[in-house]
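First chain A sits with chain B, and in the next complex the same chain sits with chain C.
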Partner chain A sequence: MNGTQRRGTRLTDTSLRFTFDGREYCGQVGDTAASALLASGVRAMGRSVKYRRLRGVLAAGPEEPNALFTVGTSPAVIPNVYAPQLELRDGMVLKSQNRWPSLKYDVASLLQVGSGFFGAGFYYKTFIWPSWHRWEATIRALAGLGEAPGTCELPPPAVEHFSCDVLVAGAGAAGLAAARAAARAGARVVLCEREPVCGGELEFEFATIEGRPALAWVDATLVELASLGVRVLTDTTLVGGTGGEYVAHHEPGGVPGANSVYKIRPVAFVIAMGAVERPIAFINNDLPGVMLLGAAERFLARYGVMVGSNLVLFANHDRVYAAATRLASAGMRVCAVVDIRDSGALGAEATAQRATLAQGGTECLLGYAVISAAGGSHVRRAIVAPLASPSATRVIACDVVLVSGGWGPSAHAGLQEGGTTRYEEGLAAFVAMDQPEGRENAGAANGLLELPRVLIDGAGAGTRGARRAGADGDPGATPIASGDPAPRLVPFWRSPADRAGEKRQFIDYQNDVNVADLRATLEEGFVDIEHVKRYTALGFGTDQGRIGGLLGAAILAELRGEPLKDVGTSRLRPPYHSVTMSSLAGLRVGARLRPMRRTPLHDWHLANGGVLEPMDLWMRTRYYRQNGPAVFEAGIAEAQRVRTSGGIVDGSTLGKIEVAGPNAAVFLDSLYLNKASTIKVGRSKYMVNLREDGMVLDDGIVLRLADDRFIATTSSGHGGHMLSHFEHYRDTEWSGRGVTVTDVTESWGVIVVAGPQSRTVLHSVLGAAWQPVLDTLTHMAFARGAFGGQDLTVLRASFSGELAFELHCRPSITVALWEALIAAGFKPYGLEALDILRVEKGYLVSSELNGETTPFDLCMDGLVKLGNPCVGRDLLDRPAFHESDRPRLVGVRALDGKAIFYGGAQLTTAEQPNRPCGYVTSSVYSPTLGEWVGLALVSRKQPEGAVLDCRDPVRIGDCRVRLTSMVHYDPTGERMKS
Partner chain B sequence: MMAVTQISGNGIELVERPIGRVLEFVAFHFPPEGAFVVGWPAAPGAVRHDTLGGPGLLHFAPARWLAPSPCAEIAALVAAAEEAAGTCVDVTGKWREFALGGPRAGRVLASAVNVEAVLEGRECAAITMFDCPCILVRVTDGYRIWVRSSFATDFIAAVQSLRLPA
Partner chain C sequence: MTRLTCPFCGPRELREFEFHKTLPEPGSTPYARVYERVNRLDDSLEHWQHVQGCRGWLLVRRNPSSGAVLETVILGGGAQ
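Our next item is the complex of A and B:
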């Protein structure tokens, strides 16, 4: 524990405590997990995925590949939180990842012994013998990052959709300049910053802007932005976008359930997300203590953390000297600055800084490289050598190696939805270009690294964004600034190493991809960067190639002997950094996973023992608990009651489409296999739709309300689909031709009253006014009237085989009417009983309308013969629809009258026991017949009376069945028409 | 039927309003041919206000209008339109009507849709909020929302479950 208070731009003096891997540490409010641990002398913070090599912090932002923590206590944990971005809170519990049983002693780290055998592609070639499944469990246990949360009891994220004129992503110098210029011009501006505070590089760079120190300028600018109404979202990262809408994710590190998702639709979008520093590959460049130079500067400026006592800096540009000066002035000993360039490459300012450093005792080596880092669990030595003579090595004792190989502009956001890249020679990096209208890069994201140019670029982008949004105010003067000089970078990607050393020159730290892997991949014939990525896992994982992507491409280019610009980088995809799963789910969590449609009787069902289940989005009652201990018994009891006396079922979920207009009848004629135009007013007809390809789409009853008005009912699960089908033809072939389509599904509650006593019960419930109507209503006729002062339609139709009536009533009276029927002695039944009644009668259940059955298959030949030229009719003449082995719907019963068989069972003949000739589509136990009965789709070659084997080895076993008529009960329909 | 307060607090108030007969009018052509009916909200998203100043006739989707609890004037307008070129369907029971008010009403809706974009250049729109089909209208004291009645319970629950940061 560090006993002294640190000073940093983000720290307060308030102390806090937290635990890491079970040990308690002390930090300060404002600290991140990484800064507090570094300040406490902790070097190792994680292990790599593949070889389980011990790793420390490399970066200070979301590009950090090594220090990923699991926050919280199992099962309520958040895995893979970037330690450098995890703002500490008192009492926080942190755990390192990819190790067992501890970070220091990890069993799987023994894999390092055999790492020579585990190169790229090892998995693909090795674990196929004797079977992948033999290895799967072990590999899955070793793979992956972190621990998955075991609970979802967190509140949903806060989601907010909004618009603005100019969205600026990144609140560094360019972003602040852009936001200020746009806001001054009068635009409505939103500024997103991934860090908890704004400023970016200005937090530590030697800079003055508009005559003030950089941080003072940042503070003043934020005050001005607030006064101009700019919305500043900190801790918020732009992670992706599509269709002009951008998604920003706010996740204050490690606080469960505190995440927010912003969906922002700007007129103009300025990408000022800066640049990511890249490492240089050298042997053992993954030892704890090897860190990016910029990260060390950030830890110092923000949190007062000195990342080491004796530093070696290794770089290929001028800025290393300014950084060394800052680090030295903070009290760290800069042992050496190792610069791969020769003296002629240095600018004047760097030359002067170098001289000052040398006077202070820093060894400044030009034309040198760090060949290797050495030490046990962390860096203790740097081995350096002149590039001209790499074998002439010398050792510099140190505890940290800070490396900087230049910067790669954050091209991620600029490469989505149409952006491409251009290679920037001066940076040896790719910059996003060809941006869609209204989107542009600014500052370092645009390839600019000198502060004056960054500010000009940012202000210009902000002004253009404001103008695009119609804001024509004065954007004000462009800020004048001075800062670190141009980097004068000379591209350098890896230090010299022999083949053995290349295995420890790491490119992608998280996935342990090294130079030897790239070489092996090329030798395997994978040349393209996208193939190399997939073969090696380069750029996989949470850092998504931010650290190793460009470095890997450059080394691949070197190995291929081609320029980097020709190799390119792999495609970048959203999200920009890891997003917690609950944010991806948004509000669709738990009960809100999908909408649930309720009928007017929903609450009644729940309150009266109804067991509900989803059907499409609807909730429907499967059975009522008071009728049996489980669905099987209750369904039988309910079905029996309907056959003997009667019952009621909630049919409100039936789709109902009102088709109106002078051409309504002919419109319906065009959509159904049989004609609606022949239906008389006050009558209805069972009708069948076809898809365009001739397959049956749906069936239902069509009621003719008036000459120019119909209601077409659909099955419950097809309501939305049928409406779309109708609307498609209404809006295309029938556009402007005197017909309209309106969904009235919820306008009518439907109660089906079925059973031999249904008419009697309705007499008592509906009253005397309805008596003559009920007595004279013939099958498929309906009458319209009122009940309780509200509209009521009584349709005589049956899907149970019994005398039955459908009551179509307004939702406001549905419950009252239902309860009146209950009071009159009828009890409700559910879908289980309904299925029993339907299958007994040979009516279609949903499994027969599976999109693969023609009207001929379903024994609807009579409807086809009517010759109505409807949608799909022409294709019914296809020869394939009439082949002898097409299926046809038949009834099926157990040969012995006792065996049980289920829907889905395969039917075979004795001659061809391994080749099904059909399958059972539906089956029920018929209480009326005292045996299992069903429907089946069977080859037409099998005649009624044929005996087949019914094969269901997994669920119930095999039995023998006999093909019968579809209609198992009341084949003449006397009960229904009584 | 009385108005029922479903949610109150946290800067929002969601009240279910009583709703009577509701009509939907659909035109055969879009845009409607000729002069159609005088005073008709012909532009998509236009709203004709009733005699009490409330939304009376909403052009919520192309060629499709909603007349919730129509006053005599609106009913006459719809009848005249039906004579001209379309059909009127009584959809009573299809929609449930809610008034969303309070200082954070807009923030509630922003959890589901970009209200500004949705209502840009129009007064009403048919949209999906919290996966529920709705018609949204901005009124002087907040918003009026018609929700498909089979989804209404889910809609209320979704609003109740929202986490609205300060």
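Our next item is the complex of A and C:
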């Protein structure tokens, strides 16, 4: 067909080129991948996922189960693109999927020859020796759909939130009628349509509406909608919704990865998403060339594609004769129309069409079924037989079998949120009912297939939606129309076949579920439709059962000997359509997902060799590059400097919560294990608080600024959580009792000045006015004053074991103060050095405050004994907290003083080498002591001095360690108090 | 449920809020308050915080099975 211009509603005359599996093809601008390949005579477009059978295109929409392509060149590929939806662009590179090395010759498909098919549960049942894991990698390589992208280049979509009065999903006849009625009544209407064009089946149906040809009515309606201010979103699929908010993805050109995500809150929602045609199961009904009838009509109308030259049509309803008439008049030879019904079932219109077809040479078989399709790589023959005597087969030469077994209403969008279905006898399908108020299905989605009724239903739903939103204008007259006749459908699900044939009667094309699988599944005791779904994968995958869901349920009902309405279908879930992760993430990626908090010194660190890492939302300096080639060496050098002379560290990330009011002290008492009310003004205390369940939540220093004013500091990583914790108790138990809680974290920069020379350095930096203060300040006392005209608080407290001062200063002077300290000879250190200093002193670092440790475990028995009734205290008496082998914090060092051990290593005894009695929580190399020291949580049964095996087989190997006091350095604290 | 109405800030996206807990039955023991959480299908009393808004703590009564929010009350007179 190359060389001749096709005409279709979507096509232009401009040609384009693209490649498919390395071969170049021509198409026209407006073509989809499927239409251009079909027009080029390509039948096979992929292989099935399990049996690797060659497959062609079955459908013309996103229900297509097999013609899924990978677009682009590795690694920048997009897999699983629906070929019937993908609009071609010049130079596009397409690949078929699930085949190796090529579509024509696939190694895995050869495995099937002779061995028969893998039945349901084949993998689980077969690859059990010696274990599934032995086989997993090989099987996984063959499994899955498409190639995973090697790069993630999809740009984030624009996310738009809006509300409207009436949201109409689907712009077919019903949707257009609904949108028009609602808009005429004065409602604000949004209409979204999955396809690039509106009209739905009006594109090919023999129809006139309000005296015009259907497509002219569609155009006129769209003009009117635009004038009424209706927002029409094409290429936009409603993928799901919950809580009154519906999500639609705009994917122009059918390329996955929404370019806009709409979150729409309508007052009323009309689901007019049409119905999906279903196939009939017959032998080899998956052979390339077997296609849904409606798909062939769409390919013809929209893209001018003749899907074949000799057609056999197979159906169970009147619509097949109208379709045959249209296909024949386009120039395709309709060899036969195979109708399972007898002549009495046909309506007048179909009878007339049938007579005309017969005159034109079409063989019209009543009471017949297509038993099988045959041919090598695509359909060459249809084997038909009368249903009364299925063995009396006849062969009809053809190149395409078009099948239509009826339609299933697209109720997805509504049913995802609940509601139930009723079985509609005339349609042999389930229709949604019991929809929540404000939501209704209309048209084919409501089980109506005749155009006049569809339009009435749509206009009615639109009017009701508008009324619900308070729009009381005139919705106008309901459009009067004529179209294809009522289907007069007789339910028919599968053609007769013997047991061997049932293996080739496909139900779910994407997951290769056939009739034999359902039979086997029932025999193995999986009866319920939900169990059958999970055992066979019926209804999994990108089509979510739109092709095979109802068909499978009906055949299951037949095999169970029960009516279909009692079997039901499996539950529908969002999304309606496959969605990319980028569409789900929306704008919440990178810095928009996690905003960054910067200390006043953030830029200084970056400009001065700081290597920053995230801590909660903060960025903190791990080490400074100039102090060593890597973190280990730099950390040691920085820590050593603090011990010998001194250093400064940015502590601005500490959470700081100001608590004030007449009851501030008792409020804090109720939140901490020890008491704030006993702190004297001008002094501070190291305090610990518990979760409700008694586990340690956080620790920090609380400063008493005045009788009724405190600042509670929290760990850097816990600031946000602690603030919420305080606010919760303020607003519940302490509500109305005179307590205010204010986050002042960012009102104060914090510089920690630590080291034996810190007082001397501060003398020179802070000036004479501060000298007497610094000389008299005792451990845990603080003084408030000014520096550079701004507030400054100097707190003498230490987390390094050295004489140390915390300078709480206003952010505007933090950098100046920091630089003054550097000018005075102190150098900055980072978190690595901070951890070394802390572990040497046995101070907790974050791995001990892990939410699983009680105050007893952390050797805080003294604080508990104070008897302060606080949050979490009630549960400290639970027996489990006092078991004799509960872990407790202890120091740990290598027995030989040389071995290296890391946090996370398990500790075992010689008696029980396979049962850890504890683990190392933190470890550092102590430059002062010249060996590795650490903290560990170890069973209380192991006394200090016990020798244990330290097991770390993956990282560094085992060693022997000795349990020691937690304080490795300066146990009496002389240096700190000097 | 995709939105909560904060009595201070008005209707806001759920992601601005943080769920804290379902409220224990009145008179529960300390152990029950922590470990025997109430889980009612149709009438759940919960504490939420408008973390990315006014930071007020809210008492929310809702129906988890339908997603309907029945009542939202600001606790403690609201954020100060």
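Here is the rule we go by: the second predicted complex is superposed on the first by the 945 of 978 C-alpha atoms of A that agree within 3 Å, B and C clash if a C-alpha of one lies under 4 Å from a C-alpha of the other, contacts with A are read in each partner's own complex, and residues count from 1 in each chain.
Simple rule for what comes next: contacts are C-beta pairs under 8 Å (C-beta built on N, C-alpha and C of every residue); 3 or more make two chains touch, one makes a residue touch a chain.
Because the structure is predicted, anything quoted here is derived from the model rather than measured.
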Tell me the contact category for A:P913 with respect to chain B and chain C: first, second, both or neither.
neither
First (chain B), second (chain C), both or neither touched by A:D874
second
Given the touch rule stated above, what does A:T242 touch, chain B (first), chain C (second), both, or neither?
second
Regarding the shared-chain residue A:T745, is it in contact with chain B (first), chain C (second), both, or neither?
first
Which partner chains sit in contact with A:G788 here, chain B, chain C, both or neither? Use first/second/both/neither.
neither
After lining up the shared chain so the two structures overlap, which partner does A:H728 touch, if you call chain B first and chain C second: first, second, both or neither?
second
Quick one: is A:M596 in contact with chain B, with chain C, with both, or with neither? Answer first, second, both or neither.
first
Who contacts more of chain A, chain B or chain C?
B
For A:G736 in the superposed arrangement: first (chain B), second (chain C), both or neither?
both
Touch test for A:E692: chain B only (first), chain C only (second), both, or neither?
second
Shared contact residues on chain A for chain B and chain C?
245, 735-736, 740-742
Name, in rising order, each residue of chain C that touches chain A in their complex.
1-3, 18, 20, 30-31, 33-35, 47, 49, 51, 55-57, 67, 75-80
What does chain B use to touch chain A in their complex?
24, 26-29, 86-87, 89-95, 107, 110-117, 130-132, 148-151, 153-154, 157-158, 161-165
Given the complex, residues on chain A that touch chain C span 242-245, 692-693, 723-724, 727-728, 730-732, 734-736, 740-742, 874-875, 878
Show me the residue ranges of chain A that touch chain B in the complex, using the header's touch definition.
155-163, 245, 257, 260, 263, 265, 587-588, 591-592, 594-600, 602, 618, 658, 660-661, 708-709, 735-749, 791, 810-812
